[in-house]
Amino acid sequence: MSHSEETSEFSIDKAAAPLPLRNSNMGQSSLDDAPRMELLSPPLEEEQLAWSKIRSYCQDFFSEFLGTMTLILFGDGVVAQVVLSGGTKGDYQSISWGWGIAVMLGVYVGGKSGGHLNPAVTFANCLYRGHPWRKLPVYALAQLLGAMTGAAIVYANYKSAFDAFEGGAGIRTVTGPTATAGVFCTYPAAFMTRTGMFFSEFIASSILMFCIFALADPNNIGAGNLMPLCLFFLIFGIGACFGWETGYAINLARDFGPRLVSFMIGYGHEVWSAGGYYFWIPMVAPFCGCAFGGFLYDVFIFTGNSPINTPMLGLQRLMRPRKSVWSNTHPAAIENKV
Amino acid sequence: MSHSEETSEFSIDKAAAPLPLRNSNMGQSSLDDAPRMELLSPPLEEEQLAWSKIRSYCQDFFSEFLGTMTLILFGDGVVAQVVLSGGTKGDYQSISWGWGIAVMLGVYVGGKSGGHLNPAVTFANCLYRGHPWRKLPVYALAQLLGAMTGAAIVYANYKSAFDAFEGGAGIRTVTGPTATAGVFCTYPAAFMTRTGMFFSEFIASSILMFCIFALADPNNIGAGNLMPLCLFFLIFGIGACFGWETGYAINLARDFGPRLVSFMIGYGHEVWSAGGYYFWIPMVAPFCGCAFGGFLYDVFIFTGNSPINTPMLGLQRLMRPRKSVWSNTHPAAIENKV
Amino acid sequence: MSHSEETSEFSIDKAAAPLPLRNSNMGQSSLDDAPRMELLSPPLEEEQLAWSKIRSYCQDFFSEFLGTMTLILFGDGVVAQVVLSGGTKGDYQSISWGWGIAVMLGVYVGGKSGGHLNPAVTFANCLYRGHPWRKLPVYALAQLLGAMTGAAIVYANYKSAFDAFEGGAGIRTVTGPTATAGVFCTYPAAFMTRTGMFFSEFIASSILMFCIFALADPNNIGAGNLMPLCLFFLIFGIGACFGWETGYAINLARDFGPRLVSFMIGYGHEVWSAGGYYFWIPMVAPFCGCAFGGFLYDVFIFTGNSPINTPMLGLQRLMRPRKSVWSNTHPAAIENKV
Amino acid sequence: MSHSEETSEFSIDKAAAPLPLRNSNMGQSSLDDAPRMELLSPPLEEEQLAWSKIRSYCQDFFSEFLGTMTLILFGDGVVAQVVLSGGTKGDYQSISWGWGIAVMLGVYVGGKSGGHLNPAVTFANCLYRGHPWRKLPVYALAQLLGAMTGAAIVYANYKSAFDAFEGGAGIRTVTGPTATAGVFCTYPAAFMTRTGMFFSEFIASSILMFCIFALADPNNIGAGNLMPLCLFFLIFGIGACFGWETGYAINLARDFGPRLVSFMIGYGHEVWSAGGYYFWIPMVAPFCGCAFGGFLYDVFIFTGNSPINTPMLGLQRLMRPRKSVWSNTHPAAIENKV
């Protein structure tokens, strides 16, 4: 990433519509504007510090990386504690709590980049909220690596407990009475059909995105500075209401990252083959679900800046695959918006 | 619905007293006024978009529809998960959590129309807070259809689990060891008398409305922007304290809508006959309860705009059944208020 | 209560230091000042309404009555549900939740009078925060009657369930396998000594008052508009941490009111004799505890208006039992404060 | 502590960067500035009161003492209730709740001194946020004594219950079926290696500090006035996700203070020797963890005033062990910052 490119990206980002999660601060303009302002014109002494420059260029990467790491630390951590203690140090409701808190704290940590923590959320923001498409791969990579780091730390922390639970230092099983692979990533319930799996992930992701857009909509009630708290309730709710069948992955980074780590640790090929090669479903379904959930909200409720609120519900775009139409950062596209 | 009619309704609505739930935003005037303002005078380009016009006219309908759909998605979803997993993926407290979150998120989603989500709440708002009577049927229809849609989605999502729990694809039972009808709507506990059922629903609805008016009262402490969060606690509390005997339906749309869906699915005539044709109680009692709860609050605490705070506690109205007295949108009535 | 007396009381109350719970609104001056302002100078039309006048004079009574009624509705309601359902519709944690929500909603309902809901809290406010002493009996009476009303409604609601649980319509037992007296008021654990009972209630009340003063202190962090939410956590915490031994009554009205009701219902003399005539402990200990807890906070942390922050820690008062010294509403006392 | 010394300390403290926890109030400037202002220039009458002067000088000590006492009252209280009632008055989740509420209320109580409640948090604030080093021993002593006082009160409150559970008045055991030493301080799970213990405490402390800095960062989303509430969720999360192996002491004062008390009570030498002389790990690991967690946040996200944001990441300091470089209160150091 060259310097000039990044600078231009930041200035464009400022011109484009603000990211939904950042909207949550709109009542507190000082909090919201301060970080961007500082990034654009940091204090003199910082300008001269090499690391501060690097950090400024990589802010999005670091922010998403550490936010997603926090997400997985708490999320996989609570599953590890409940599973490995045989349910004596928590139960299913603890897991709902843990994941809810994980998202809440992850968003606080990763707030400077919008706290997406989820490639599908970033994708929906690119589609509907003018988030620059060129940032999608950066965000997705940071999220994936952050999730892997978090899962590795959880494993390191609970290594003795894994050994004690599985009955030996080298044993790691995906199925069976002492299976522990569920600590890292999700596996579907036994009775599920493949269509059912996909639909379950699809609907949970739709609800996720639909509700995030509702909470972030400044023309609706809006969560304001309660946004991270509301996300706690949202994730808790999805876990309590739609979390049984496929474990509400609803996030490529959250599921695929730790799954990779569990494969490296030595759980074997079964991490891929379990549930009839279920692993691809939480990679694909969240993108479809988030796109659909965001579409639903924008069509029926949202009155702000969105491609849906352009002629023909933005479907013209499909007929004009030109950069000036699709790019959220292209000068022409921005002019049209202003 | 013709264009001119709707426009006049909106302008009248602005003149009338604000709806209680909208009051929750009063500390954030920008959030509160913005949506209405935009509806009345949308940006130029939106004016020319056919869909934006339609959406603007049907805003109340869409908003209540999607809000109530969200309510039922989470509410029936959590019961489905707890019942169908045999209590391994949640317990009674999960259900309290689920319904609390359901209302909280439903209100965030349906904020543009006030987030009533309940015909009885709309009714009490018409009675005591100047909500236009002509909107009552629109709201009630939207709420009912939204609840039915939500219940259908929950059923589609958990279809395999229903089959597995009931022991076969076609089997759906209202009573018995593997009964699953309770996922959709409420059934009374076995020991209840009919009077007890009615009283239980009546008192829960009274408390609901009494507390909503307290939370929304700008002359009291008032929940302000914590309103949806407080509603979470309120619903959780009603579930934990008055939820056993009849399942705290306290909402025609929440109970009758999913009950209709369960009848369509094939649960048979028993959905109506169970509990001694109990089904009509959660249709009638909430209206009585909400009217009474709102009356209680307005008589003893509320000092704002309410018929109770007019000569003879507003009982003159009963003797003057004229449109200028009863209609919240009639020009004469509004002049009296100002 | 004559008209002129009440009017002077109100104006004096305004001059005196504000009540702690009202402080919670200090960030929202409009919410805080509005109700008093309206009471002092209500809109013209209200001035002419007989009921509005009566309500204005009895505001404190109505507010505390309904607030405490709400407290007991949820508080006794949750115990009833958990006990009578045999633990299938809630567990000990549900009770912590229920009482926490009960206080939270009770404070929202009774906000206009400060939301004390507890004679001991009113007492400590009179001692340390300039709440008029002459209001103490009015508040205490309202709280007691409100608690009794709430307990009676809970009983009416769960009557069939009482009968089913006790095994017959006329049977009501205080001890034994199907005892239900604990629904109404608290009874100590079997192993407790009398000193232990008193100390347990004393320490829980001290913590209650100490934390309320901390939360309401505008010179500390202060809970601001989160006050009712923080009270939820405080009551939940006291229930989870100090609730086992004597059931954390910490409130004369909450314990004695429902106990009276249970005596009237027919639980017999045992409601008084149980636990070695334990019933007087939750009547006396809360006053001692709240006085001590408030003393602790004012001595070591509080820097605002308090008798502790007068010469000799306010102990001079004990040597000068004159009205001008003790009365919070006496003109001389107020002049000294200003 | 002489008068002049303390006065200078306060004025320096004001010049230095504000403590992170105090930052939480930044949206409410009146709340944040008021206490300091009052300390520096108290009202005239207070100036003349001996006790107000003493309290003003010892504000930090009293504040941390009472804050940590509150922390241990709720924290050890909830463990006592759950353990001594044999799990009938709470379960593992209650303990998560109890400790979360304990920290939340402790921070509200100890807000005037920043609400650190933990020597390791004070240490990290000295390292990264300009908290005066000379205050570290005062804070640590106050925290330790506060924790001991809290533990003693909990013991006094539950003495009968200890006797009943252990089976006799003089019996107090650290291990075995009726062990109760876990009420006071943490003991590791049986399967843990010493490295595992240290790592578990280290990682939990890192997460604690990392998240506190994220929540308190005004350039990130920031918790604002929700700070104590967010700390509730953070502590709950650490308890639910990393609380099993070593009981998440993450605090010298919280663990060593009550351990000393339990030794005095008569639990014998085993309180030190249990777990292979585990007791030193929660004394050392939190300092390492908090230092690392704070480092991580400042390196990758924080853009405000921190030694990390000086040339060479502040490592120059290590080569210049002079007072002007290290002291946060040295005039030269402050000049450099301004």
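When the chains are written out, they are named A, B, C and D in that same order, and each has its own residue count from 1.
Heads up, the rule we're going with is that a residue touches a chain if its C-beta (ideal position, glycine included) is under 8 Å from a C-beta of that chain, and two chains touch if they have at least 3 such contacts.
Because the structure is a prediction, the values reported are computed rather than measured.
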**Study point:** Partner chains that chain A and chain D have in common
**Key:** none
**Study point:** Rotation, 0 to 180 degrees and nearest 5, that superposes chain C on copy chain D via CA atoms
**Key:** 90
Check your understanding: Can we say the copies chain A and chain B touch using the same residue numbers, with more than half in common, or are the two sides different?
Key -> different
Review point. What chain lies farthest away from chain D once each centre is taken as the mean of the Cα atoms?
Key: B
**Study point:** Centre-of-Cα separation between chain B and chain A, whole angstrom
**Key:** 32
Review point. So how far apart, in whole Å, are chain A and chain C when each is placed at the average of its C-alpha atoms?
Key: 45
Review point. If you look at chain A, which of its residues touch at least two other chains?
Key: 93, 226, 229
Review point. Draw the chains as dots and join the ones that touch; what shape do you get: line, ring, star, complete or other?
Key: ring
Revision key, fill the gap. Listed by label, touching pairs are A-B, A-D, B-C, C-D
Review point. Which of the residues in chain C end up touching chain D in this complex?
Key: 27, 92-93, 96, 189, 191-193, 196, 199-200, 203, 207, 210-211, 214-215, 218-224, 226, 229-230, 233-234, 236-237, 240-245, 296, 299-301, 303, 309-311, 313
Review point. What residues on chain D touch chain C, complex-wise?
Key: 24-25, 28, 30-31, 34-35, 38-39, 42, 45-46, 49, 51-52, 55-56, 62-63, 66, 70, 73-75, 77-78, 80-81, 84-85, 88-91, 93-94, 97-98, 101-102, 104-105, 107-109, 111-112, 115, 153, 156-161, 163-164, 225-229, 232
